[in-house]
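What follows is one structure encoded as structure tokens, with my remarks underneath.
The first chain written gets the first letter, and so on, giving A, B, C and D; residue counts start at 1 in each chain.
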Amino acid sequence: MDKLTMEDVFRTLSKPLQDFEVKPGKTALLLIDFQELVCSKPLLREAVGAGLPERQVREALREYDNRIRKAVKNAQRILEACREKGYDVMHVKLGAQTNNPLHTAKVNRKADFIVPNDAEKGRFLREVKPIEGELVFPKTNGGAFTGTNLDFVLRNMDINSVIITGFLTDQCVLATAVYAGDVGYDVLLVEDACTGTTRENHDAVVRIAKDVFLKVKTTRELLRTL
Amino acid sequence: MDKLTMEDVFRTLSKPLQDFEVKPGKTALLLIDFQELVCSKPLLREAVGAGLPERQVREALREYDNRIRKAVKNAQRILEACREKGYDVMHVKLGAQTNNPLHTAKVNRKADFIVPNDAEKGRFLREVKPIEGELVFPKTNGGAFTGTNLDFVLRNMDINSVIITGFLTDQCVLATAVYAGDVGYDVLLVEDACTGTTRENHDAVVRIAKDVFLKVKTTRELLRTL
Amino acid sequence: MDKLTMEDVFRTLSKPLQDFEVKPGKTALLLIDFQELVCSKPLLREAVGAGLPERQVREALREYDNRIRKAVKNAQRILEACREKGYDVMHVKLGAQTNNPLHTAKVNRKADFIVPNDAEKGRFLREVKPIEGELVFPKTNGGAFTGTNLDFVLRNMDINSVIITGFLTDQCVLATAVYAGDVGYDVLLVEDACTGTTRENHDAVVRIAKDVFLKVKTTRELLRTL
Amino acid sequence: MDKLTMEDVFRTLSKPLQDFEVKPGKTALLLIDFQELVCSKPLLREAVGAGLPERQVREALREYDNRIRKAVKNAQRILEACREKGYDVMHVKLGAQTNNPLHTAKVNRKADFIVPNDAEKGRFLREVKPIEGELVFPKTNGGAFTGTNLDFVLRNMDINSVIITGFLTDQCVLATAVYAGDVGYDVLLVEDACTGTTRENHDAVVRIAKDVFLKVKTTRELLRTL
């Protein structure tokens, strides 16, 4: 046998997490922060406005943008399948009711990251935007649960398992997934329907969370089960 | 200018997180899961019992054990300073009131990770164990906030900033820190008073969280401010 | 000394609750369910539609309507004073994002009490309706805290005391006030800026809550302190 | 038809609340504050110590004591039936980990009502005290949900309906019942297994809550369904 890591040791000591099972009426799709603000265009404008050199910003954004586009495309496929099969869909977004900084949660206020509901950069990406009958949860912090009544709504709908997609894996998605697992939801993270600030951070979150407090699948794997 | 990463870009777009400030009556020290169960001795026994080859397990544990010991020693110094200066101290631990699996939260029950309050492996490490007058929060899941009344207690004490130490950086510490930042606490993660399943996972969590939703300091840096 | 009641006995055993103090930046005004649906017009229509005899319904509504109008007038004076002095104002209302019953909380769904956001009867009473810059919290259950992110918002604004007005004293106002007191807010119930299903129930709630977990004042008394 | 009250009108407009159904594995019995401190003996001592005239206190306590004893006896019968049939039992009690006032929630701290875990008056009444394998939830405020992890535990056990018994109807029982109904539990209040500061307050709470956000039964009615 090869060298063991402590990850191997810990995994041996736990019962393997059961496969994630979609259950009509029990499973909801969560779409986290699919908004203009994760796209390269506003990021480019802001970064250059903040004094970063345009050429290097463009270069960094190129790789990032590819990851975002791929994740949006995958989320779109999942969303369409969920709508077709009647799975509940919950859209979570950054959005403050006013531009009064006090109406944005401290964690984002400290970073001066305020996104009023009517801001252009707060608009949903058209590929995955809500349709009538779907719930939207605006938040002004990271995790979808701590700053909204999402948990209240889900439990009142008797939903106990969630499929998580969106941005960014190492920020809002992480906070949402950790909370969901921690309070008892079955959680599926669709690894190619989300991405992180960097690929490295995305991979780290997947490695840390996978089979510990959530299951990880690709879009293709998930679609086969819907 | 060198190549930019998306991490550089995102950080340029946020206001830098202010320095963490300890404030008597407002700051509490959280000690997460300083229990026998993180130590190499019970892990060795269990891993070998589960069929892993003893030699390789010992090797993996050696490096891990060094990290744990160092973190315990640092946490002990912080704890002693906090006691001396009168900062509030909260001990969080894995502990179920009964060994009925239903009394352990789903996230740990799924992994068959049940630690009854009277289990030997649940005992506090003597270097940092609670003394009279300090609160203990038993939990049966990962994060210290979701599964206990810690948040209720802290807000009723008017505490709004927390110093986080303990185990494991990529599991319970992560869940605790994410929640704390997300609901508005000022959070300090003491990077050498905690450690992860692997060093790589510890480093990833520090990189992901640092200056995004919490501040990171070493024990030495923190002690200078207490 | 006259006959003692157990209420006298219990009150002697507790330290009297301190006077409620308004504090700029720390105190918010909560307006609960100031909507058409509490008014006699829609109630008359619905009651007669449900088969109740119109004359008797009108009679019952006359006394109720007087109480409602008086409370609305008082709430309006408080609201105007709060706006003038810069106290934060939070509007809580019954309102579901969709008319899907599953999107209404169980407690109201069980009673078939569903108020979609765009329903006429859900409109704010014009005397106290929100103006730009004021937060609105739609809920689909009774208490303003359990079914919304109101608590999250208030604590992120460092607000620790609330002035409660609205409808009905023995339903949503009660649930809101009990929660607020229980988690640690200083609570003021303005007894003539709210009313109950019956006067008797209103009085019972005031008697039960007063000086136990909240303070009670009249509008006039409150206005003197703003 | 006789005179209508607004209570009649409102009830006509709601769908009647379905009967409360006990479901093995889904229903738990909550016992609230069955402790020495609700008994006439410590109350007499404290009231006289606080300067109230002994004779009048004794008189007030006589009627109160009868109500308490009857409720304890009924709760005991329910508890025994629940144990026999295998329903989960949760004991909630007033109890602070330390006698540091800051470790008691503000709502009780303001009233100087601090009950350390080891205080004599905090002891469970022997008729209904916990046995091995039953969970105990100490709290330092009124409602059993806001100040403990009871909600977390119940949802992780997949319990969605609760039978409420205990003291006092117009204080801790009220706060517990309102919260439980509001977040979606099916709630049964056993009207003769609880009582209030006064009979009048008890009756008012029953009248206000009954068939609005909970069902009310007598012990005898409940026992027939267990």
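Heads up, the rule we're going with is that contacts are C-beta pairs under 8 Å (C-beta built on N, C-alpha and C of every residue); 3 or more make two chains touch, one makes a residue touch a chain.
No experiment lies behind these values; they were computed from the predicted model shown.
Q: So which chain is farthest from subunit C, going by the mean of the CA atoms in each chain?
A: B
Q: Any idea if subunit C and subunit D meet via the same residues, over half in common, or different ones?
A: same
Q: I'd like to verify one number: the distance from the centre of subunit B to the centre of subunit D, where each centre is the average of its C-alpha atoms, in whole angstrom.
A: Here subunit B and subunit D have centroids separated by 36 Å.
Q: Hey, how far is the Cα centre of subunit C from the one of subunit D, in Å?
A: So the centre of subunit C lies 24 Å away from the centre of subunit D.
Q: I'd like to verify one number: the distance from the centre of subunit A to the centre of subunit D, where each centre is the average of its C-alpha atoms, in whole angstrom.
A: Taking the mean C-alpha position of each chain, the two centres sit 41 Å apart.
Q: Indicate the residues of subunit D shared as contacts by at least two other chains.
A: In subunit D, residues 105-106, 141, 146-147, 152, 156, 183-184 touch at least two other chains, as defined above.
Q: Which residues of subunit B touch subunit D in their complex?
A: Within the complex, subunit B touches subunit D at residues 88, 97-98, 100, 102-106, 109, 132-136, 139, 141, 146-149, 152-153, 156-157.
Q: So in the complex, which bits of subunit C are touching subunit D?
A: Counting only subunit C, the residues touching subunit D are 1-10, 12-15, 17-18, 43, 46-47, 50-53, 56-57, 59-61, 63-64, 105-107, 110-113, 141-143, 146-147, 170-171, 174-175, 178-179, 181-184, 197-198, 201, 204-205, 207-208, 212-213.
Q: Mind listing the subunit C positions that touch subunit B in their complex?
A: Interface residues on the subunit C side: 152, 155-156, 183-184.
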